[in-house]
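In the two assemblies presented below, chain A is common to both, partnered first by chain B and then by chain C.
After this line comes the complex of A and B, so read on.
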């Protein structure tokens, strides 16, 4: 363990962080919208739609992410139709291919999480909303989605951590994020342990901040639980005073 | 379609062989991971502060770091570590590490962290009264473990271990970076020499789907077998 070398390594790894954060945030943001849509499609009573959603989820959860990245980055170029289409300027670049693959992947895993969240919304609440005259999008926006998101948040936090780890695969298609740079340094110097410690600490730190953020969001979204916990001693004290 | 036929002309037999390699790496890594998981769970439940901290560090660190980084560590650092050990015994030549061993060690090490949590949860799920009852019967620890603890831990842990196995299977694709010829690597070789990347990666995807689906069915059967005789509410 050589502190000077580790400090140099850290300096070289830091430029990889913005790219990694871009990959994570873009694919998680688009992936979340996709996840909600796929979950709704999966739960829809219209059979072809729910079957299509189930097929999508089955494919993306049953194959390794690396296969999905390679299918998009190397595979799509096999078809002249795609090479001639307006999409090619995007699909030619590893950056957009990686984002597309990550988005589709997290959309599939996320949709299963969201499906669980949506299914956990108590039936009585939906009935009550209908009695109040809400239906369709209004019911979805006001009642179902807020409860479903709150319910799904802990599991979604795990999925976010998996995505942070998954961005390391972007290095295989030449995107120099943290793992890519780390691999290059290891190959140059053969000091695997030191580079591993530094790069690993970066990932650990990011994941730590992420879990704390998710926990804070969960706290913010659950005022009903929070108040009960804080109010409990007060009512107890009030009861004792009587 | 001719590309995927068996024999000299096609890539079917190569891909089938690569699928066997994937299965071999995944099985060995899963077994290794389960062994790590047993020790990890034992450490976490040992009640000894030092062991608990060590096991906590293991699961937290490994679950927060990309698998690819662990593979690079073992692939580049493994031979260095082996040479260091060998130099203490007076051997000074270069020792390369086998890609298969690297893959098994890396994935086994990572999956051990997930198995630790699965097994720990299963041990905690065994009702305490049963262990007390067994002790009251005068069962020695080993008999208690064999008759009471092990069968139930196995049953409770099976669903999560099934998930760990699926992860393990998919993580083996990362081993292709070390050059081990498993499904992913073979597909890359095929794609490179025939200029048909989509065909080959789609085949790889189908092979992985086949492996994950079939093993999913297998684990479902195993769960039903482990639950035979349990009354369902």
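After this line comes the complex of A and C, so read on.
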């Protein structure tokens, strides 16, 4: 362990972080929308739709992400039909192939998490909403989804952390994120332990911030579950101020 | 008296340790990549095959050792040697100054220049094939050639396998002009040339020539001058731990003998179609 070398390594790894954050945020953002849509399709009474959603989830949860990245990047590029199609300007670039693979993967996992969340919404609350005259999209937007998202958040936080770590696979399709750069430094210096310790710490730090963020969001979304005593001092202070 | 005893004990311990370290090399474990045909590759039956597998077996016979050849991913091949997972690397590894800082090398058993391959339909395919330029012996001429190539590759994506002399070459000379991409295996950059994601890739001519004769390489063509020396190092040798100098001597003698009696040439012609024996 050589602190000066580790400091140099850290500075060489930092330029990989923006790419990693882009991959994570873009695929999680699109993946979340996809997850909600797939979860709704999965719960739909229309059989072909729920079967298609189930098939998609089965495929993307049942195969390794590494294989999915390979298939999308090297696999699709093999077909001249795809190389001549309108999709090629996107699929030609490793960046969009990675985004596509990550999005489809997290969409599949996320949809099952969301399905659990939606199914956990108590029937009584839906009934109450209907009594108030809500139905369809309004019911979904005002009652079901907010409760479902709150219920799903802890599990979805797990999925977000997994995605941060999954970006380390992007280097196999020539994208130089943190792990890719780390492997290159090891290739030059053959000092695997120090380089991976530094690279690992970067992931640890990013995930630390992420878990705090998810926890803050959880706290914000569940005011009814907060300890009443926590809120008390603030009220007292407010009372004194008056 | 006590200290004298202690000192004597220490001397004895050191002597014992020394004796234990002088290893018996009747059994040698050798690592190869298994994904760099025809140097070394895994055949359809899952067995390791290739020029280096045959050569390793020949060298082992000369060293009167029983050898076990194992496959190891390229990017971890030196760290695993240092960690003692095996005793030697025979995997198309060029002898470079950078690698010599961490491991030892035997005499070179092969010497193949680096070459650029592109798609036959690419505009780069028009670059005329040229002779070899040595970055040590004829630096000025070699660098003039590189400058010409640099102009041709400007703004184009170009690849090489990670942690190779070829990638090092691209990063040293082309980084500011071209989009240099690194691949885990050479097969992967071939797929990307065929898909049109990159214009071309650098690898050893000993890799390209046999590939061009196969269906996978039918769309590729080798263009421009080839290069040796400089960042490419002094030929291909067996990688060994620095501590095992006795093993290096065994390898040196075996390689010199295999070069002298034409075994290397015979194997090279069989696998590459041309001789790659380095000048001894």
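Everything that follows uses one rule, which is that the second predicted complex is superposed on the first by the 226 of 242 C-alpha atoms of A that agree within 3 Å, B and C clash if a C-alpha of one lies under 4 Å from a C-alpha of the other, contacts with A are read in each partner's own complex, and residues count from 1 in each chain.
In the analysis below, contacts are C-beta pairs under 8 Å (C-beta built on N, C-alpha and C of every residue); 3 or more make two chains touch, one makes a residue touch a chain.
Computed from a prediction, not measured in an experiment: that's the story for all the values here.
Enquirer: Taking chain A as the common reference for superposition, should the pair chain B and chain C be classed as clashing or as fitting?
Expert: In the arrangement built by aligning on chain A, the partners chain C and chain B clash.
Enquirer: Is A:51 contacted by the first partner chain B, the second partner chain C, both or neither?
Expert: After superposition on chain A, A:51 lies in contact with neither partner.
Enquirer: Could you look at A:128 and tell me whether it touches chain B, chain C, both or neither (first, second, both, neither)?
Expert: Neither partner.
Enquirer: In the superposed arrangement, which partner chain does A:186 touch: chain B (first), chain C (second), both, or neither?
Expert: Both chain B and chain C are touched by A:186.
Enquirer: Looking at the overlay, what does A:199 touch: chain B (first), chain C (second), both, or neither?
Expert: Touch status of A:199: first partner only.
Enquirer: When the two structures are laid over each other on chain A, which of chain B and chain C touches more residues of chain A?
Expert: Of chain B and chain C, B contacts more residues of chain A.
Enquirer: For A:77, select first, second, both or neither according to whether it touches chain B, chain C, the two together, or no partner.
Expert: Both partners, chain B and chain C.
Enquirer: By the touch definition at the top of the document, which applies to A:172: first (chain B), second (chain C), both, or neither?
Expert: both
Enquirer: Answer with first, second, both or neither: which of chain B and chain C does A:63 touch in the superposed model?
Expert: A:63 contacts chain B only, not chain C.
Enquirer: If you lay the two complexes on top of each other, which residues of chain A touch chain B in one and chain C in the other?
Expert: Common interface on chain A, chain B vs chain C: 74, 77-78, 172, 183, 186-187, 190, 192.
Enquirer: Which residues of chain C touch chain A in the complex?
Expert: 75-76, 78-79, 82, 98, 102-103, 159, 162-163, 181-184, 188, 191-192, 194-197
Enquirer: Which stretch or stretches of chain B touch chain A in the complex?
Expert: Touching chain A from chain B are residues 60-61, 63-70, 72-73, 76-77, 80, 170-174, 176-177, 184, 187-188, 191, 195-199, 201-202, 204-205, 208-209, 212-213.
Enquirer: Taking the touch rule as given, give the residues of chain A at its contact with chain B in the complex, in rising order.
Expert: The touching residues are 58-59, 62-68, 70-71, 74-79, 161, 165-169, 171-172, 179, 182-183, 186-187, 190, 192-193, 196, 199-200, 203-204, 207-208.
Enquirer: Where on chain A is chain C touching in the complex?
Expert: Per the touch definition, chain A meets chain C at residues 74, 77-78, 83, 92-94, 172, 174, 176, 180, 183-184, 186-188, 190, 192.
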